[in-house]
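Below you'll find the structures, each written out as structure tokens.
Both complexes shown next keep subunit A, but they swap its partner, so subunit B is in the first and subunit C is in the second.
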Partner chain A sequence: MSKFQFPKAIFSRPVYTVLERRVGSHHLMVADAEGGGALLDLAKSDSGLMADAHVIYIPKHTGDTYSKPLAAFAPGQFYIGSSYEASVARLRRTLLGAHMGLQVYLAGTEGLMGQVQSEAAQAGISPESIQSEHRGSVARRMQCVHCKGITEDVTVDPFVCGHCGLNLYVRDHYSRRLAAFQGVCVNAEDPGNVPKAKELYT
Partner chain B sequence: MSIQFNDETFRDDYTFRNSDWAINRFPFPFHEDHYMYSVNMEQHRGGPEGSVFEKRFDVDEHYVAEMRDRAQVLADDPLRCQSLPHMTLAGWDLLELIMVSKSEDYPDLFELHRDDDKWRWVNKPLGIDDSFTFMDETTLPYGPMEYITRQTQGDFAVLDQRDDNLWMDAGMITTQADWSLDFDIGMNFFEWHAPVPKANEMGIFVRALKFLMSVQQGAPARRLNWTMTVNPLLDTSPENYHKWGIQKTQMTPENVGEKQHLRVELQTFFRLPRSNGLVFPIRCYLISLDDLTSIPKWGRRLHRVIRDLPEELATYKGFIDNRPMIIDYLAKVDNGAETSPGIWPDLHLEPDAKA
Partner chain C sequence: MSGVEKIAVRVTNIVPLNALVTRFEFKRSDGLHFPTFSGGAHVVVEMQDGEILRRNPYSLMSDPADQSQYAISVRRDDEGRGGSLFMHRSVSVGDEMLISNPVNLFALDLRARKHLMIAGGIGITPFMAQIKQLSRTNGNWELHYASRNAALASYGSELMAQHPNGVHIYYDDDKQSIALEALLKGQPLGTHLYICGPKGMINWVRDTAKKAGWPHEAIHYEEFLAPQSGKPFEVKLAQSSMVIQVGENQSLLEAIEAAGVDAPYLCRGGACGQCETAVIGYDGKFLHNDHWLTNEEKASGHKIMPCVSRFEGKTLVLDR
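Take a look at the complex of A and B:
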């Protein structure tokens, strides 16, 4: 089961919906891993949509589970990225050339959707024209408030910052600009004692 | 000069001290014996002579040392001062507001000479005498917001107003009560307040935003906020929490009166004329419990406030572990006598007051 019901949280934390077709002159779809399933559901709901769509899809561990059926819908442009970092130049170029009436559909992990949203905001795309549907891993993209390093795919709390090595706890406070949640030193007041790491949402 | 500036530190050896003058004018934040969030805004139109409310931007004995501390924080971490590209005009608005206010309110300390757009700014306490062209960034050593807030006590959040919201799009934040400008920059009013417990459910932020969006030019507003800080540490930033957090564990019943400080923020709000932005100075005042309890009314009242504060708030404000020690200390000065309404010391109302 790849759909996850996030518990109610503080206001800065993003919330997600189910993608639905919207009227637009162009359709940009960006997804990673199980997010491919959300694009498939969208395509099935309106097969005519895909002909006008530019799909940027990063399969990660899912192999061709989603990429094959997505290709079968013959999107107007279909790109399979080997990673987000590898795809981001193409994404920026696409956003730069975006016209009025562009609709953006995001699906997959919070880290992917957050980063694309941040890119879109910088390109001046209005937030109202962006939809996001969470699928797959509940891992978080975390900024270390101390060293500012970003650690991707954090699934446990506390975790070790991939840059400075401090033990950080996982906050719900979220920055859209950074596309990251905030990590703060968990044992500053008790240096010898790092709580045992637990899976997020358990 | 009219004010004797202290040579003191807010870190390491902590030589920060309040004079009797500074103690008596301390902005004690509790007008009654208990505390709960409220919007508690009032017009910022001066106040009693000598009080921190009198001038638009209060200058006190800590000015020079605080500016030295700020320069050190910025040297260690330049991300404490950031301004998104569309906020430069608001930065000029702020520079003008502060220069005009300070030169009018403290003519012996600050001078502003204007000849069209050719300006000369003299800051005597900091030994600055700069000539520049107003609205021309290349004529200043820093951007306008950074330039003037390196010379003004308090943190500064500069807010853009659009889409029926306020956006934290620029700031100089080096004396913060544990929030990160680098993380929060670009957020709207509800997003950056998201971690505050209870207040949202109480509708505080909806009302506060409505109030702030209607602040008019020439009619600034103000409120007080507070927390507790161990040692007179200005830079209680999340960025450095892994370094200073341990200090919270170093308090003992013997040193609590000296180490534990009440930290009060005088928050003011000014509309900026050209950008229609809103500047939100957050001025921090620190006082040790030893000094605070030298005003008997304040000692009694603080005891009752801290003792009865909901656990959630004591946790959010970061002193839940030290609360029992603080209460024990304050209980000794609380004789159960009544406290007069309002925040002022009211020494003449104490039983042993000299007539």
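Take a look at the complex of A and C:
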């Protein structure tokens, strides 16, 4: 599953586009897994772009499928991170030293794009001026509205909160600040009755 | 009654600043406090100029937290339709006037990490209030102010004395100009840009910022358009079933109001969108002067902004 068309949902739910080159003095690109493919498409559309680009890429399960061809475009700065957590210090340092004229491009999973967008908003970039393209897994980063714990990579609905163990139903209600969808107890009024978990979007 | 609620005020002080600009200070006639406002807000001042009721918007330039008085600074426009001339020549200390409550179409975006202000001439006024607001909260800001010369740079020396590190002034007569490209290039992430001044300056700054990759959410500008004079024309108001004449030096909105029809308005300068009026039929050509309608809307012939736009031709029927 590389490109996925999300069904129309409530206003809160983020929507994604296809990355396009924008005028700017510097270009920060952050992607994970299949998101590398979106950066490759962008680089192919305008090869001159990559010389001014700082690429932060987290391959996850994709090995060097995308990192090798990305490196071939010789980005100005190219960093391969083992995880988002390992890359976030570099991201923050980059935003701290950045100037107006920086363009931000995000690609890959919702959890990654949401977290980078939240970091960028804290650095003063309005979310509307950031481009993001979804690729790869439709897994969600979920916040339990009861214990506030975050569970990553949720692919089924309902799911069990990784922190308090409640059975949570997956909402489209999204927090930009937390970069997480909201999970609400599915069986609060009828404790014994938990619906059978289903893969998201099946 | 259209527009925002009005406040009766007394003129308490008139201070000429230079050959062109005079400050007017107001206190409330009822002795109460004014509401606080946010920097960048304007009031609409009503002027009874003989038979004509003029309503002109002016940026508040007093301290937004000072509820004891409001102040505006008015540049005399000898070529204009007469509002600023009326303020300069006919208003005296002690006069009773009506002003609107403050309305802000040029507010600071307080999510910004830094506020970069570009002023040209009398465009300094909204920044006077914004700087007072930001100084109180220890905000991060910088002002670049272009004026013809030192004598005409209203509040220039006051600003330089109070904020020697934040204020940069440029004099046209000395061939000084803002090194805009370098200035924009050096701004930290999260900077918002604010521009108030003549049209040419606003366009220059907006275009340069766009070319440097600034997102449009971070670019704010304010330009009050004065209604243009033009050929007189006739308008049919369908809802009110009357036919009115718009005079040479009168705006369409003023003509509608003079006929006793209550039409919505807020800024009276083509910016806020409040007076947007549907066109039912026309035979002729529109002279659109606002920056509210999109180019498509202007071309469609379905809408007009009566505060600043005019019409030339045989018939115009409005849904008013």
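As a convention for this text, the second predicted complex is superposed on the first by the 200 of 202 C-alpha atoms of A that agree within 3 Å, B and C clash if a C-alpha of one lies under 4 Å from a C-alpha of the other, contacts with A are read in each partner's own complex, and residues count from 1 in each chain.
Everything that follows uses one rule, which is that a contact is a pair of C-beta atoms (placed from the backbone, for glycine too) under 8 Å apart; a residue touches a chain by one contact, two chains touch by 3 or more.
Treat the numbers as computed from the prediction; the structure is a model and nothing was measured.
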Touched partner set for A:Q182, first subunit B, second subunit C, both or neither: first
Contacts of A:I10 with subunit B and subunit C, given as first, second, both or neither: first
Which superposed partner A:V145 touches (first subunit B, second subunit C, both, neither): first
Partner chain(s) touched by A:T155 [first = subunit B, second = subunit C, both, neither]: neither
Which of subunit B and subunit C A:G24 touches, first, second, both or neither: second
First (subunit B), second (subunit C), both or neither touched by A:S67: neither
Touched partner set for A:H173, first subunit B, second subunit C, both or neither: first
Contacts of A:D190 with subunit B and subunit C, given as first, second, both or neither: first
Sites on subunit A touched by subunit B in the complex: 10-13, 143, 145-146, 148, 166, 171-178, 182, 184-185, 188-191
Complex contact set, residues of subunit B against subunit A: 79, 180, 182-187, 190-195, 200, 238-246, 248-249, 321
Touching residues (chain side subunit C, partner subunit A) in the complex: 111-113, 184-191, 210-218
Complex contact set, residues of subunit A against subunit C: 22-25, 95, 98-103, 123-126, 128-129
